[in-house]
Amino acid sequence: MAVNYIPRRFTVIRDKNLCIDCGCCVRQCSNECHFFDGDGKTVVSDSENCVACHRCVDLCPTRALRIEKYVCDYRENANWTPQYQQEICRQAETGGVLLSGMGTPKPYPIYWDKILLNASQVTNPSIDPLREPMEIRTILGRKPEKITVEKKGKSTVEMPPQVIIETPIMFSAMSFGSISLNAQKSLAMAAKNLGTLFNTGEGGLHPDLKEYTDCAIVQVASGRFGVHKEYLNNSRFVEIKIGQGAKPGIGGHLPGEKVNVEVSNARMIPEGSDAISPAPHHDIYSIEDLRQLIWSIKQATDNKKPVSVKIAAVHNVAAIASGCVRAGADIVVIDGFRGGTGAAPTRIRDNVGIPIELALAAADQRLRDEGIRSRISLVAAGSFRCSADIVKAIALGADACYCASAPLIAMGCHMCQTCNTGKCNWGIATQRPELTKRLNPEIMHLRVENLINAWNHEIKEIMGGMGINSVDSLRGNRLMLRGIGLSEKELEILGIMHAGE
Amino acid sequence: MKKYIIIGASAAGLACAEQIRKEDKNCSITVLTREAYLPYSRPSISYYLKGAVKENDMYLRSPNYYIEKGIDIVTSAPVRSIDKKNKTVKAGRKAYSYDKLCICTGSKPFVPPIKNINGKVNAYTFLDLASTKAVKAKANGNTKAVVIGAGLIGMKAAEGLSKICKSVDVVELSPRILPSILDEKSARSVKKYIEENGHIVFHLGDTVTEAKSNANRITSVVLKSGKELECDMLILAVGVRPETELAEKAGIKVERGIVTNPETMQTSDKSIYAAGDCTVSVDMLDGSKRVIALYPNAVYQGTAAGSQMAGGDIKLDGAYSVNAIDFYGLRICTCGLINAVGEQYSDRTVRSGDKYKRLIFENNRLVGFVLINASENAGIYTSLIENKTDLSEIKTDIFDTPSLFMFDKAEREKRLKGEIA
Amino acid sequence: MKKVYAKEELCLNCRLCEVYCKTAHSKTKDVLKANKYENPTPVSRITVYGDKMLSAAVNCRHCDNPKCVQACITGAMTKDEKTGIVSVNEKKCIGCMTCLSVCPFGCIKTGKFAVKCDLCQDEDEPACVKNCPNHALVYIDLGGAK
Amino acid sequence: MLKEGQVRIPSGCAIAAIIDRKGGLINGSEIIKSISLMHDRSNGLGGGFAAYGIYPEHKDEYAFHIFFENKEAHQKCEEFLFKHFNIDVAERIPTKKVASISNGPDIWRYFGRVNRVRMKNSRLDEGEYVVQCVTKINAAYDGAYIFSSGKNMGCFKAVGFPEDVGEFYMLDRYDAYLWTAHGRFPTNTPGWWGGAHPFNILDWSIVHNGEISSYDANRRYIEQFGYKCTMQTDTEVITYLFDHLIRHHGLPANVAADVLTAPEWDEIDRMDDEKKEYFTNLRAIYSGALVNGPFSVILGSNKGLLAINDRLKLRSLTAAVKGDRAYFASEESAIRIICPDPDKVWSVSGADPVFVPLEIENKEDE
């Protein structure tokens, strides 16, 4: 093996007192870290390729395996950290752009962790969600300015298409191709049972998911993969993807080896060809072009589907969001820079964009200042780790939140950040049949449902504590938030007071 | 209410009775046996001899079972005659009338012409529980036993005796042991294994010509080769012949055994059926007519006969031999045409250590196997043989451990769902 | 009757069913002891065949007309009329392996006696099914006589 | 310490109201009697009344009640008023010394009409013109606060127990066809006169008991439409919501009430299609106007009286009817002390707002 100047990252530790040599790890590791020794009976490990995905750890019947960080000290240097040195070595070797999967691991501030929630005491009773109805049903879509009635009880207003979801949590775009069909199907099944939506991403809609079109958001991205009239109509709403939080300004690249027959059919591209999504939509060079595309999609769907526009959280996100609304978007999705991805250039992922909290707060306020916030829906995306993050996002002004990483973790993802290798041991970010079959939708949709149901319960619990029994009254209710350890400027942008105020 | 009579209460007889009961809940079923015992496992007698099973565990069913099922087993009732015309059989002093009769008389030991063995108290056959009990009662640490015959019965008797007796000599006319289940090569290695593990002395290609005696006890036997072996106990296990005497006397067509329709087991008399070792079978693999005196065959025949007698639709798919046996821990499974000779046959053999695996093919079909200590999933081979599967349809090599993955998806699914048995 | 069925499209080839079958049929019922220290080593009643691309676990089909029961020369192999379970009476079994020679699925294993799946009669679900990480094994009634 | 408007202060309360549907006049002593029975529900940090039909001689003119905290504010405010309105009368509101009420501002009232020229130049309709003028003064003129701006009606409020406030303003000298009253129990603050209830804009006046937990959602919703919630009180935001829905969106009062207290989805899902569509549309369009948390609200106007209760019925509100008169109060006893023998008494349900329309042709209504 060529010397590559980079120490390995992990050590697999096998407790020989516990190992029964059953070989489960051998057969489960797609990185070939485990193998039978020369005698054909004793299992041993080679840590070189370990990515700490824990597939072996979790399946080992006797818990004989442990993964440890491989510690190999460099001379201390706060500037030239081991990571930068290693990345330089990797680039010195390959001459290529560094690629990574999932969201940025860099320690940028996570404002969710610097925002605290309120609860009722004395002056206002908290509500017990087990005894009182606690509503989290959410309606997305463009709203008319006002209702018109014939009389009390009879509405005469003509409503644009609305999408009712039973939880403010939706599953964000993950294309078939970047994730396996089984993973997408699990999300679709969960969405159906939860009364929410999943998003096809830009990979087209696989025929196996036809029965889930009622809970599908279909995406139109710069590559226009799999886009045709039927695709647009097989949905609850259509999403135009302008950008992605993890890689603003960057297109996508699904390597040809992942484009098998199924992926090729769904995307309508030749088998084995690279699926390249250009950085921009080449028919959208300005806001008026976006207006035309929205209009075209509405024509193609007979005005029956709301159209959303997904943008990455960049510096002037508030103005862009406002522009999208004025261009006709019924739903604006803002994707923060901590959001996940199947593969992104590492430098882009770790350096471009702004956090969703600030972007959301700024956009919500901007739309309110312009008096158009209540006319459209605002969806936040980009790393929601728990129900409290969701509650905070809604209180900042989001109608609903897009989650992707959390349901993936529910399905087995361990954030090993090697999605781009296509060797996902959990059958998620891979198209290899021997790996994708590891993800049984019958199990995984239940795990995802359990997760979202748990979050729903927690959201209701938190709302109850606040004395709120409808998510409508949480939305934009920033008085329920207080900052902790934030600067005046950050508080100002978030539109919240500091704890204790 | 229909009356069914079955003569003989071993494998075929019992299977026949049980199948009749499955098909017809309201009929009388009478099983007449010359033996004094309820149906028991004949093949277990050698294990009983060496003390590996208790007599109680040899019975195929519990006594209550027959009461529950309404199967009347009449023990110690040797049938003297069958009256086809009046549809009755005579056993002891009683006459039993029948609507349908099944003859499952099994086989009788073949006693070779040996001088001076008639009336000797220490000459035994080894075929049923009574004879085994007699042997077990007399055999002890000082006994010098001589077994004539190295077939399945003789070898099992020899194995059983070798655990008890001082010495065991086996005399066999053929040049190899277990000729019905082993080919030549494997017979040699099995013989070696048995010699090493069982301290049995073989005298192959030889035969006993004369017994020497003191009064009515044999003291030694003289072989054709001139050798003389000391002998306190002589076991006559040269072979068996179908027990066809009753059938013959009743005027039923008999060749080497009772002749039956190979699917329905009906004899030349349409009310009379026959099953088990007393019949002559047509081997489905090569069409030869022969007596297949093996337990599974007897059960399959008894089941088919019972079903046909009671108006059911189970037919015998065709007879073939399949056998499994062990000697001193050596496991031998064989099936089909293991000694086939002819241009159409080919074989593949692998031998390593005490493992031996030989598959015999006829053109594109598997027709036989001999597996010694290599019996994993042997039944899949058996099903290939039985179903006459065209091996060209099987993509993978069947020689290594066979599994369901030899078959295509549809076939595999059928098998996994248990639709193909 | 309820039987164990394998879904080959979901089988991971991890063979944990074998590990847990052995455990369930061990003296100690402890996964580590059963698979590492017990002597004799318990025999798994279920076997995974195939490779990483395609595999499935196979165990007794508890056939309607089991050949193993018919062929059993000692009456040790019986099919329970109520439950439909085919099981071996170890007192009667002499280990001749005639059953193994006729089982068309290859579901009977060799031990001192014939060893085969008993559907973990004392448990509500067989150990292999309970412990299959991908639910590739299901314990359901697809018809078939008892 | 921050006062009301600079900080949001949660508070509990007592409310009461009387209306004569036929426009018969009721003396102020009645409502004082009713509200004073609920003395313990307030803590002396705010009390107030709204009275409709009290200025028949000025019924076509806006009656502005204003607190002045200093001369400069008084002067600047008057300048503004005189510029934007044709003021006929400017006078101190008569008050009486009451021991428990002190340190009050200078309290004036003005009767006048809009300056039509200015209004035309502003391209606003009359209501919007008045509201913007009031909002401007309240937001931009430190020390001046318009707390009543309707026609033929007026609010009277102060820091003190409501019965003392009634005595202070000598309300037994006023007769009105509709009275609302409020006693306040704010927490953590010395009360501020402007923070007392009722809250008023144009003809709308609101008294409210409770604390709405949806406050900031409602505030940020209504502020999209030009309102500025300077008071940071529930009453203020509820008043604006009603004003917006009724005046801007032209909704009937009972539809506006449905917006604020829309039924739960569980209930909507069981309704017939027409109703389901109605409420679904209401909730979709006005999700930001849904009022959540414990509240009971009485909205007075020249069209009648609307009483609403929160969806979970977390706050008490009792209603009674006797002849032409309807009575409302946080406690039943506060009704029975002035109407011992009502025809009907009931507890206002969250799902079913009570609207008592004024059955006379209101001449002020154009």
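The first chain written gets the first letter, and so on, giving A, B, C and D; residue counts start at 1 in each chain.
Going forward, a residue touches a chain if its C-beta (ideal position, glycine included) is under 8 Å from a C-beta of that chain, and two chains touch if they have at least 3 such contacts.
Note that the coordinates shown come from a computational prediction; the quantities given were computed from them, not determined experimentally.
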### Task
State which chain is most central when centres are taken as means of Cα atoms.
A
### Remotest chain, subunit D as reference, centres from CA atoms
B
### Query
When the centre of a chain is set as the mean of its C-alpha atoms, what distance in Å lies between subunit C and subunit D?
79
### Task
Could you put a whole-Å number on the gap between the CA centroids of subunit B and subunit D?
106
#### Entry: Chain centre separation in whole Å, for subunit C relative to subunit A (CA means)
43
### Query
How many Å are there between the centre of subunit A and the centre of subunit B, using C-alpha atoms for each centre?
70
### Query
Which subunit D residues reach two or more other chains?
none
## Note on the structure
Note: subunit A residues in touch with at least two other chains are none
### Query
What are the residues of subunit C that contact at least two other chains?
none
### Task
Spell out all pairs of chains that touch, sorted by label.
A-C, A-D, B-C
### Task
Using the touch definition up top, name the residues of subunit D that touch subunit A in the complex.
8, 10-12, 187, 210-211, 213-218, 220-221, 223-226, 248-252, 254-255, 258, 264-266, 274-275, 277-278, 280-288, 290-294, 311-312, 314
### Query
Can you list the residues on subunit C that touch subunit A in the complex?
9-16, 18-20, 31-32, 35-36, 52-53, 131, 133-136
### Query
Which residues of subunit A touch subunit D in their complex?
120, 122-125, 127, 132-133, 135, 137, 139, 141, 143-147, 149, 151-155, 157, 159, 162, 164, 368-369, 371-374, 397, 466-470, 472-480
### Task
Enumerate the contact residues on subunit C facing subunit B in the complex.
3, 5-6, 8, 47, 49-50, 54-56, 58, 61-67, 70-71, 73-75, 89, 91-92, 94-108, 110, 142, 144
#### Entry: For the subunit A and subunit C complex, residues of the former touching the latter
18, 20, 22-24, 27-28, 59, 61-62, 433-434, 437-438, 440, 442-443
